[in-house]
Structures are given as C-alpha cells and as structure tokens.
Amino acid sequence: MLISCVVYNGDREQADIPLEEIPAYLHAPDNFVWVALQDASEDELRAMQKQFGLHELAVEDVFNEVQRPKVEEYDEHLFVYLQVPAYHGEEVHIGRISIFVGPNFVLSVRQNCEQALLGVRARAEREPHLLKYGSVYVMYALSDAVVDRFFPVVDILDDELEKLEIAMFHNQETRKNMERFYDVKYKVNVLRHALLPLADGFSKLYGGRVPALVDGAENYFRDVHDHIMLLNSQLDAMRDTIATAIQVNLSLITIDHGEVNKKLAAWGAILVVTTIFTGIWGMNFTYMPELHWRFGYPMALLIMAGCAIYLYRRFKKADWL
Amino acid sequence: MLISCVVYNGDREQADIPLEEIPAYLHAPDNFVWVALQDASEDELRAMQKQFGLHELAVEDVFNEVQRPKVEEYDEHLFVYLQVPAYHGEEVHIGRISIFVGPNFVLSVRQNCEQALLGVRARAEREPHLLKYGSVYVMYALSDAVVDRFFPVVDILDDELEKLEIAMFHNQETRKNMERFYDVKYKVNVLRHALLPLADGFSKLYGGRVPALVDGAENYFRDVHDHIMLLNSQLDAMRDTIATAIQVNLSLITIDHGEVNKKLAAWGAILVVTTIFTGIWGMNFTYMPELHWRFGYPMALLIMAGCAIYLYRRFKKADWL
Amino acid sequence: MLISCVVYNGDREQADIPLEEIPAYLHAPDNFVWVALQDASEDELRAMQKQFGLHELAVEDVFNEVQRPKVEEYDEHLFVYLQVPAYHGEEVHIGRISIFVGPNFVLSVRQNCEQALLGVRARAEREPHLLKYGSVYVMYALSDAVVDRFFPVVDILDDELEKLEIAMFHNQETRKNMERFYDVKYKVNVLRHALLPLADGFSKLYGGRVPALVDGAENYFRDVHDHIMLLNSQLDAMRDTIATAIQVNLSLITIDHGEVNKKLAAWGAILVVTTIFTGIWGMNFTYMPELHWRFGYPMALLIMAGCAIYLYRRFKKADWL
Amino acid sequence: MLISCVVYNGDREQADIPLEEIPAYLHAPDNFVWVALQDASEDELRAMQKQFGLHELAVEDVFNEVQRPKVEEYDEHLFVYLQVPAYHGEEVHIGRISIFVGPNFVLSVRQNCEQALLGVRARAEREPHLLKYGSVYVMYALSDAVVDRFFPVVDILDDELEKLEIAMFHNQETRKNMERFYDVKYKVNVLRHALLPLADGFSKLYGGRVPALVDGAENYFRDVHDHIMLLNSQLDAMRDTIATAIQVNLSLITIDHGEVNKKLAAWGAILVVTTIFTGIWGMNFTYMPELHWRFGYPMALLIMAGCAIYLYRRFKKADWL
Amino acid sequence: MLISCVVYNGDREQADIPLEEIPAYLHAPDNFVWVALQDASEDELRAMQKQFGLHELAVEDVFNEVQRPKVEEYDEHLFVYLQVPAYHGEEVHIGRISIFVGPNFVLSVRQNCEQALLGVRARAEREPHLLKYGSVYVMYALSDAVVDRFFPVVDILDDELEKLEIAMFHNQETRKNMERFYDVKYKVNVLRHALLPLADGFSKLYGGRVPALVDGAENYFRDVHDHIMLLNSQLDAMRDTIATAIQVNLSLITIDHGEVNKKLAAWGAILVVTTIFTGIWGMNFTYMPELHWRFGYPMALLIMAGCAIYLYRRFKKADWL
C-alpha cells in the first residue's frame, strides 16, 4: 500500500507526485524520490524493483519474516533492514522496516508495524540544510527514528526489573517473581537480537571506507551507531542484573527456608519437651509420690509451662523465633 | 553411486551425459559439468579426483566421518564440506555433503544423507540468469539448500523448548523436564558445531579478497552467510534460554520444597498440639478434677478440635496451607 | 552559567576576558581561549556553537541525559563526553562533563556535577611547559582530573566489599548481606559503564593515526588511558569477586542449614528416645514387675537421663552438637 | 639417545647414516637429514645445536618440563614443541616432542613419551611425492601424527562422559559421579591446554605470510590446523556439557531430596495420626463410654488402620508415596 | 638508595663507577651504564631523570603504588613497570620494579621488594655474548628474572588447590574449605592482574614493528612473553578449577544433607513405630486381652524390638543407614 511518494528537487523543496511520474524526476541530477510503502504486496514491490533496479536478494529479504537486522551494500544501492519494537499490553511486538537507498531514490517498506514514521518527513522540512546529503539523509532519519523507538521499550523493562528486585528482597510472590524475571530476560533478548547486528552494520557507515552514498554524512551514522551502543550497554546491564538476581534469589529463598526451619525446630523443641513431661507422669509406676500430691497436677502444668516459656525465650534470644 | 552428471553449455542449457564424456566438455570455455554422487565408494571418488585434479587432502576429508564443516580454497578448486541436519523421530541425524568446485566443474558428494538435493537442479532451470556465474552458482545453490534445511530443525527445537518452559513453571514432571532440557541443549550444540565454522568459511567468500571463482557472486554468499548468522543467533538465544531455565528451575524446585515444608510444618504443629492434650489428660495424677467431670471427655475432644481448627485457620491465613 | 573565560596567549600567560572579546583572540596563531560553563542553558550553548562552529550532533549530546561517555573526532573539533562519579551518602551520583576542543579554543560544560574542576586551571599555571601542547592540554588535564575522581569511589566500594566478605564468612545477617552484595554489584556496573567506552575512546588518541590536534601529546593520553584500564581491571576484579562471593554465600548458607539440621536431629533423637521409655512404662500390661518396684520410678528416670546423656555425648563427639 | 639418523637425497631415497657423516650431506642442495633423539641428554642436544646452529632459547625449551606447546620461527630454523597425550590406566599421561626444522635438516626430540613415531618414517616411504616439500614434510608428518594421537584420548573421555550422564539421570552414586565429572573436566582441561596454543601456532603456517620453509606446503598445515580446531571444538562441547551436567545434577539431587521429603512426610502423617488416636484413648477420663464397649479395642485398631490406609491412598494418589 | 652503578664498555667488561662519572661514559658509542636503585627517594629519582632525560609521566609512575604493569615506549627511552610476587607466610606480597632503558643506559628501581635481582648482574657476566644487544639485554634479564619469580608462587597455590580438592571430596571442614577456596581465588586474581597487562606489553617487543632499541633481540622478548602466557594459562586453569570446585562443593554438601536426612528419617521411622506400639498398649480399653497375658509385656517388648530390627535392616539395605 502506497503511503506517499515525494520528490525532493534541487532546491530541496518537496512535492507529492504520483508513482507514474517517478521516471521523469529520476534523471535530474539533484533530485531524489522517496517512496514509502506499508505492508507492500509482492506486485507493488516488484514494480519498484524494476523502477529502481533493486537487487533480487534484498527484495526477497523484505518478505522474509525471520530475518536479522542488517545494513548491506549492493552494487547499485544500500539496503537497510530494521526491526521496530513496540509494547502491546504486556507483549513486545516487533515490526519491520526495509529501506532501499540509491543515489536518487529512497524506498521504505513498513511491514507489520503500526507506527507511522512520517515524523521523518516533517523533520526533513525542519532541517532542510541536512537534505544536502541527498537520499541518504532520509535513510539516516528513518534509522534514527527507529532506534529512538527502542528507548521507551527499554525503559519500561528497566522499571519492571526494578519492581522485581524490590519484590525479591521482600520475599514476596517468589514463584511469580521468577516467572517475571524469566519473562523480562526473554524480552531483553528479543531486543538485543534486534540491535546487536545493527551495531555492526552501522559501524560500516562511518570510519574507514564507507559506501560512496554515505560520504560526508558519516557523523550522522556514527550518532546512530552511538545510540545503538548505548541501548546495547543498557540491555547488557539488564542481562547482567537478571543473571545476578536469579542467583541472589536462590540464596534468599534458601535463607528463608533456613529461617522457617529454625522457627519450626524451636516450636518443635518446645512441644516435644512438654510431651516428655506428660509421658513421664503418664507412666504407671506404683511408687510415684508426686502423682498423689494435692497440687501435683497444677504443679505439673506449671513445670511444663515454665519449661516452654524458658525455651521460648532462649529461642527468641537466639533469633530463631 | 552416481546420481546425475549434467553439462551446462554456453547457452546455459543443461543435458545429462555419461561420465565418460566429461573430458569432451571440460575444455569448452563456457561449459561446466556437475557430477552428483551419493555415498560414493573410494573408487568412484578416486576416478573423479583424477578427472578434475582434486587435492588429496580434500578427497580424504570426504571419507572422514568426524569433521568440521569448512570452506577451503585449494590452488585448483574450492572445497566445501557441509553437515545437513534432519529429524529422525526424536533424534537429530547429521548427513554430510562435500562439494568440489573448479572453473568448469562441480562435484557434489552426499554421504549418509537421505535428502535429495535435486531441488537445486530444478532451481537452476528456474533461474537461468544466475547460471552466468558458472559452476560456482551450483555451489551457492547447494549451500543455500543445505543451510535452509537447518531452519525447520531449529523450529522444532524451539517449540520443544517452549513446551518445557510451560511445564517448568507448572512444576510438572520436574525430573523428566530436566532430562529434556539437557537433551535440547545437546541438540542445540550439535547444530551449533555444524554451523559455527561455516560462518567463518562463508565470510571469506564475500568482502575483501575472494577466490577468483566466486568473483561477482559475492552477494549470494553474503546471503548464505546471513542465514547462517541468523541460525547462529537463534541457537545462541536458545542456549541462553536453556542456561537461564536450568537456574530458574532450581529456584522453582527450591521454592516448591519450601512450600511443601511449610505445609508439613503446619500439619505437624496441629497434630503435635493435639498430642500434648492427650498426653496431659493421660497423666496419672490423683487429683485431676476435670477427668471426673461428666462431660470431661467430650470437652477434651472439643478443646483439641478447637485448637486444631484455630491453628488450621492461622496457617491458612499465613498461606502455609 | 559562565564560570570563567580565559585566554592563553603566545607566552602562555593567562588572563580572564569577557565573552564578547573572544573573537579578538581567536585568530592570533598562538592563542587559545578556554570557556567553562556550568549547567549551561540552551541559549548559552547555542551562542558558543556559533562562536566556535561546533557540530550540531555534539551540541545535542550535551543536553542528552542518558549518554555513553565518548571521545569523538569531528571535522572542526574534538568532542569528549565524560561521566564523573561522586558519593552522595550511600548513593553513587553521576555528573557529566562535555569538552569541545578546537585548535584555538576549549569549551567545557559541566552538568549536574557539583565538583569544581578549577584545579585544572591551577595546574595549568603550575605546568606552563605543558601549555606548549595548546588547547589539547586543557582537555587532557580535564580528562585526567575526571578519571582521578573514580579512584576514591572505587576504593569505597572495595572497602564495602571487604566488609561484606568478612560478614559472609561469619554468617552474619545473611539476608542483609545479599542485599548489599547486590547493591555493590549495581554500583560497580554503573562505574563500568562510565569507564568502558572511554578506554576505547582514549585509545584512539595515542598509537596509530591520531587527530592532528593531539599530535605530540600522545603520551599524556596514553597515561589517561592507562588509568582507565587500571580502574577497569579493579572493577573487573570486584565483579569477579562478587560473582564468586554470591556462589560461596549460597554454599555457606547451605552448610549452615546442614549444621542446624544435624543439631536438631541430635536433640530430636535424645527427646524421642526418652519418649519411648515413658511410652513403654505407660503401657497398661498387668504383669510389668518393674512398675511395682520400690525404686522403679527413680530407676526409670535415671535410665532415661542416662540414655539422653549417652546420646548427647555421642552426638557431641560426632560434632553434631 | 639416538633413535635414527636418516638422509633423504635428491631422488628422495632415504638411507641411515652415522651422526658423524651428517656434515657431508648438509651442503648438497637437495639433501636433508632427519635426526631423531629420545630422552636426549644435554650433551647430545648440545652437539646437535652446534651441528645445526639451533637457537639457544629453543634448545632450552626442550628441557623445560612445564611449557606451552608452540610453533616458533627463528632466523635459521623453525621450532615446534608438541605435547602428546596417552591413556595410562585411568590417567592421562603427557609426553613431549620438540622438532627443529631447517632447510636441510630435521631434529626431533621425544621426551617422556613412550610412543614411537616411526610411523612417520614409513609414511615418508609411502608418500615419496610429498618429500618434494623437503624437510618441512617431516615436520608436517610428525605434527599430524601427534595431533592424531589426541583423537582416541578424546573419544575415551567422551564415552566416560556419556556413562556419567546416564548414571546422573538415574541418580546412581551421586557422590562418586560428581567426583568423576570433576575428573573428566580436569582431563579435558589438560588436553585443551595442550591444543589451544597450537591452533594459534599452526595458523601462522598457512594463509598470509608464512615462513619461507613452509612455502608451498600450506595446505598440509591447514589440514593439521583443521584437526586441532576439530579437537578443540569437541573439547569445548565436553566442557559445556560438563558445566551443564553439574548444574543439572544439583537440580536432580534437589528434586530427589524433595521426593524423599514428601515420602517421609507422608509416612510421618500416617504414623502421627495413629499416635493421636492412641493418645485419646489413653486419656484417663472417667466417662469415656467407648473404653468399656465389648469391641472397643478392635474398633480402635480398625479405626487407626482405616485412617492409615485412607491417608496412604491419598498420598499415593498425590504421588507422594 | 643506590645499590650499584655499573658501566659496560665496548669490550663488554663491567666496572663499578660512582654516580658522578656517569656523564663521562654516556657518550662513548659502545658503552652503557646500569644504575640500580632501591626504594629510591624522590630526589634520587629526579637526579636520574635529569641525567638520562626520562619522561615525566614514567617517573611519576614509579611512585604510584597502584599501577598496572606495563611496557611503554617513550621518544627517548622504554619504560617497563613490573610487579614481583613473593609469599610472606600465608600472604602474597607484591613488590614493584621499574626499568628505564635508553640506548646507553638502564635505570632499575626496586620498590617495596625484598628480593635482590643481582642474579642478573652475575648472569650478564656468564653470558657476555648477549651483551652485544646492549642496554636492552639488562632489561630482558631483569624482566626474565621477575617473570620467573611467579612460577614458585603459582606452584604453591596449585598445591594448596589440590589439597582443597581432596578435602572437598572427603567432606572435611566444608566451611573452612570454602573460605580457603575463596582465598586461593583471590590470590590467583592478584597474580593475574600482575601478569595479564604484561602479555600485551611484551607482545609489542617482538613480531611486527618493534622499538628500535629492541631490534635484534626480539626472540628473547618472545621467550619472556611465552613464559607470561604459560603462567596465564596456569592461572586460567586454576580459576576454572576453582569455579567448578565451588559448584561441585555445593552439590556435595547437598548430597551430604540428603544422606543425613535419610539417616534421620530412618531412625525416626524406627522410633515412631515403637511409639505407636507403646501408645496402643497404653490405651485404657477395658477389654484388651493381651494386657492381661502372663507374658504380654515381654511379648510387647519383643514385638517392638522385632519391628525396629526389621525396619533397621530394610533401611540398611536401601542404603539409608
């Protein structure tokens, strides 16, 4: 589905044009065309492939649902494939954006991805001086927008993690907590797999030999790379935290067991000692003088209670109760 | 055992020929011959070695059962050794495919591998424009087909893992679950060892200096490399998940023990308190007035039941029961 | 907020000047100007951007609160972004310092950072021979001062860790201890994320190709890099220690449980044996001669006490009590 | 102790010669001499050092018992130091082989190593065409033979590991099993330390700049390197397996404890309930009608047995027994 | 404190000279001077700095107590900073040695380090042919001597570790054992941090571009590097062993608990069964014929003993006792 088709002319003004007029603009030296598709059909994409001379392998990647994010250089164009995360209720949803960039065109294809990226078009209007970098600026702005979408998702996970830590140190809902740690870890991994390959990909767009298209705009791609590295280091910190938390949690649970055990043992001791006394005075010996005392029974109860209280206090002092 | 011997001529048409006619076709500049063997005998392979001038070390590798997958450049030809996974019931079965590629020939040897790769031949007919890359195209198509065989196997393991996670969080069959986690981990490792060395091998076929044969077809090998990297990252995620799961599992088991312990302790307390009462009224003191009351016995039973019910409720409230 | 604006002239003397006079000094070949801002407003920074021709991306980084430390080379200037740790009570507080360095200017912006860095100005007076390196010397001195701020923070953490280890081996406050290990680990990670990217950044300022500005002063940046590496290796050692400590802690807790269990079991045995005797002599058999002995009861008590003492001694010897 | 001294002449025939005649053969362009020593004395080696101009540091390494395997290039010769594993009963024994290779000589010194390597001499006769590579062929053949000695040792360890896994999942001899896992891990580490440095060493003998001596024979050293990598990946897989197994084992033991606990608790409950009934009917209330019933006693026994059976069944159903 | 000041002249003879005469010898082309200081005062070192033109940063490093070992190239000289371990009772003590090497001088400064390194001077006399490498030989000999000091320390730790392993598998002093594992781990880390940076430092003195001073002596520094790598691999093996041991230890403790539990449970069962019998015969039913049998009591005791013995045997057989 076509979202927009814009031409940026030599003076860097922009105008919407119908798809059919693209060829008319392609050959003017300073022009470039940006075609934005959403959930493109194979036909639409094939038409674009013919129009812009896109490489077969890159076009196939657009339709491939399981894919690693990548920045690839082909003879005629660059191909960038990005994953965009979004929180849908409790789930992290991953959309896909493919960008083809040639000297005079940009083709962006959004798939399974609800978020409009038109903010980029507005930005292009706000920063006309950046349009001097040509079509590659649109790719930069799209990549930058996509990478920025990761920050709020990472923040939500970070908050979740903080809540889990607090619950952990208060031994609340230990079982449920484990499940949620596991879930956060899973989501962190999903985000990492969407980001890690990009760090490598964008690092090829600045420093050393860069594709001719990118020439002069390296600082902008270094900036995107830097954001990716920041996200990566945040995710790494979270992974590390979760790993430690899982181990600490086991220790806390074990400590808790130990405390429960001591409490039980203390009560057990108190009760068993009482039982021994009842056992002794329940014996059937003929000559047990205290059994015939007038106040033998209350004395017995007092002795039992006394022992119990004495033990209770000792255990209390030893912090077992 | 010979499966097929095909010649691709200058116009890229293909024709089956008998082995003996190979030399006749080898010297035409645009021709190349593809010989496909299955479970080749040493004699068959030696004949091919003489025919195509294959390197001794590469030929020996074909028969070596324990081998790392590899992509090796020899003076006269490339040698690719791949492992192909397949699910046989519960087991992952590993077949082997060796490919020799020279400027005018391809020799593929399938060993211990049930899956026919003739899909490749059909593909060559479907994509005649790719045959312009010559013999190396067949190697690409074979490699691509082999790597694609990994995806369904990885998917089955992923499903298995998901089932194990659900069982884990429901504390079902903990012991059996551990065994299956262990088994999945083993299979993941088998696949990783079949893939990891290939990532390295195929990365030498694009970017930087590539063997002359591959020249021009780098994008295709980058695509294969990309698939390998995707599989690797999926397998790494699974390894990570399993490692976490094993730790989480231990915590869950320990939590479970704690819950069982509390339950037992609570019941124990209820029973022991009851025992103390029976002990007290079982004592043989002469002066125990309540023993002689008319309703002393039912009162005793009521007191015991009352204490038991009271304790039961307290434990229930504290979530021990 | 402007802190100071100093000009260093050809003879390397320094003088405070008002901001408006900067342009007058910028074009003298041997002069350079150092402008120091604190918690700069956007307006202040934009004015400086215009004055010194700072790159848009670098200026944006100054205001970005979540950022990785970095050393970046732009066409016209270097940009260094550092994080400064400080202990506020129990918390590690992270301030930020951004430094822009061109051939004839230094702009330092301190944000959210209480510590004055004017020590650097005094140092410049003490080491006038180093001013021969020009503006880059100020950047070096600032970086050096920032990195030196890490040492006392790391030392405090190290002391804390040592205290926790001692507490751990004495099984004191196990639960609280875990929480504090976790907290130290968290702080170590915060420091690492403030340092790790710098190791990479400063390594680009010595050895191999260095930015023209830095030329001749490489040894000084190698020294800063060396301090960063020292801090990193200290933090790594602490991470490793904490990881081991958490595992050892679990073992110690488990050992402790085992000891408690043995103690309980021993007491349990002593009590239960006593109970058996009272049970036996509580039976109602008609013919139990000892029940009618004159000293049957004291004998019974002696036997019970004897058994208890015997068991107590055995358990004592086996180190269960 | 001299084992053999062989000269290979221009036509690649070989002949035993006495040590004294070596100089006569050294200067013929196509000749090379192979001297094989076993448990060489310092004197023997010093004589060889003078004869062939061996570097002092390399000669010292021969006598150094604790040493990392290595492949070193000196100005005048290559030096290869290898470790050879062998199973002596339950122990892995490590022998040492040092090889010096110059353009016209090979000196091999076997130390603390029972296995004869004369297979290499026979191989040289079987593969005379490979002798065209000169003295370096002998080094290759020796290295190849040494690396091949690792395979059976690794296989034995692999079998041992498999047996331990089976025992682990059947909870047999848990304590002994741990000890054997630990032992296998130790042996795996010994082998790894004998192999890892070689991977690095042999990788310098093919690809990129190789020592002049090796020129042309790179494929053979790549093959050795490949075997080393295969062994390494097998050992890595074993390490990984053992690490997982140790963790899984702890879980299995903990699960086992849980099962034992449940079983005990169930029996405990059955017994304690019985005890309560005996306690109740052991009380001394005057008015306890059932005590005087004709069949009160058998009824009591039946009730107790009934309760016990009922509980037994419930626990059985809940899988606690 | 000056230890010695030696001049090595063109014929490589050596002679002690007073400090004041150094300048006289510095300009002879073949001479070099070795000044050895111990616990140098700042004044002494400043004098040397002036004499030999040492770089400010290197001189500061000498007095810096917390420092990473390093090998640094300055314009005028090399600077090597080493840490020397020594066992003082149970503690590992770390001394420091700084070496400055220029074309015609060596300055060594020993700090906090009791071990004399004069062995190096004697070695120089024993190996006059090595003095052809000039001042750098002294640096080599000092470095070699320092690295050799690590071996006995590592050996002591290795022995300690072996003793701990044996104790671990015999479940002796589990708590103390943990503390000692922790202590060994700590010492291993101290040694690693003293060695790891050196591996990197010395690798820059051979292979690839080396400092001019070192030219020709690369093999000697490769040898030192090799010793460092050997030590590193030993320390890594120990780290790995300790990590495994800590995990195995937890399993062993848990297994031990399980065994104790089973033993307790078995005794518990025996005692409780006995209690039930005494409970039954302690009931007050009117019609309990066996109570009135002549040998009811001994029969009861026999039954109880019989049950106890039967259970004892069953538990013995099941290996619970």
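So that you can tell them apart, the chains are marked A, B, C, D and E in the order they are listed, and the count of residues begins at 1 in each.
Here is the rule we use: a residue touches a chain if its C-beta (ideal position, glycine included) is under 8 Å from a C-beta of that chain, and two chains touch if they have at least 3 such contacts.
This is a predicted model, so every value here is computed, not measured.
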Partner chains shared by subunit A and subunit B (touch criterion as defined above): none
Angle (degrees, nearest 5) of the CA superposition of subunit A onto subunit D: 145
Interchain centroid distance [CA atoms averaged], subunit C/subunit D, Å: 40
Distance from the mean Cα position of subunit E to that of subunit C, given in whole angstrom: 25
For subunit D, residues contacting two or more additional chains: 247, 250, 254, 257, 261, 268, 272, 275, 279, 282-284, 288
Contact graph of the chains (line, ring, star, complete, other): ring
Sequence of touching chains round the ring, subunit C onward through subunit E: C, E, D, B, A
Residue ranges of subunit A in contact with subunit B within the complex: 55, 57, 66-68, 70, 72, 74, 174-175, 178-179, 181-182, 185-186, 189, 193, 196-197, 242-243, 246-247, 249-250, 253-254, 256-257, 260-261, 264, 267-268, 271-272, 274-275, 278-279, 281-284, 288, 291-297, 300-301, 304
Of subunit D, residues touching subunit B in the complex: 151, 165, 169, 219-220, 222-223, 226, 229-230, 233, 237, 240-241, 244-245, 247-248, 250-252, 254-255, 257-258, 261-262, 265, 268-269, 272-273, 275-276, 279-280, 282-288
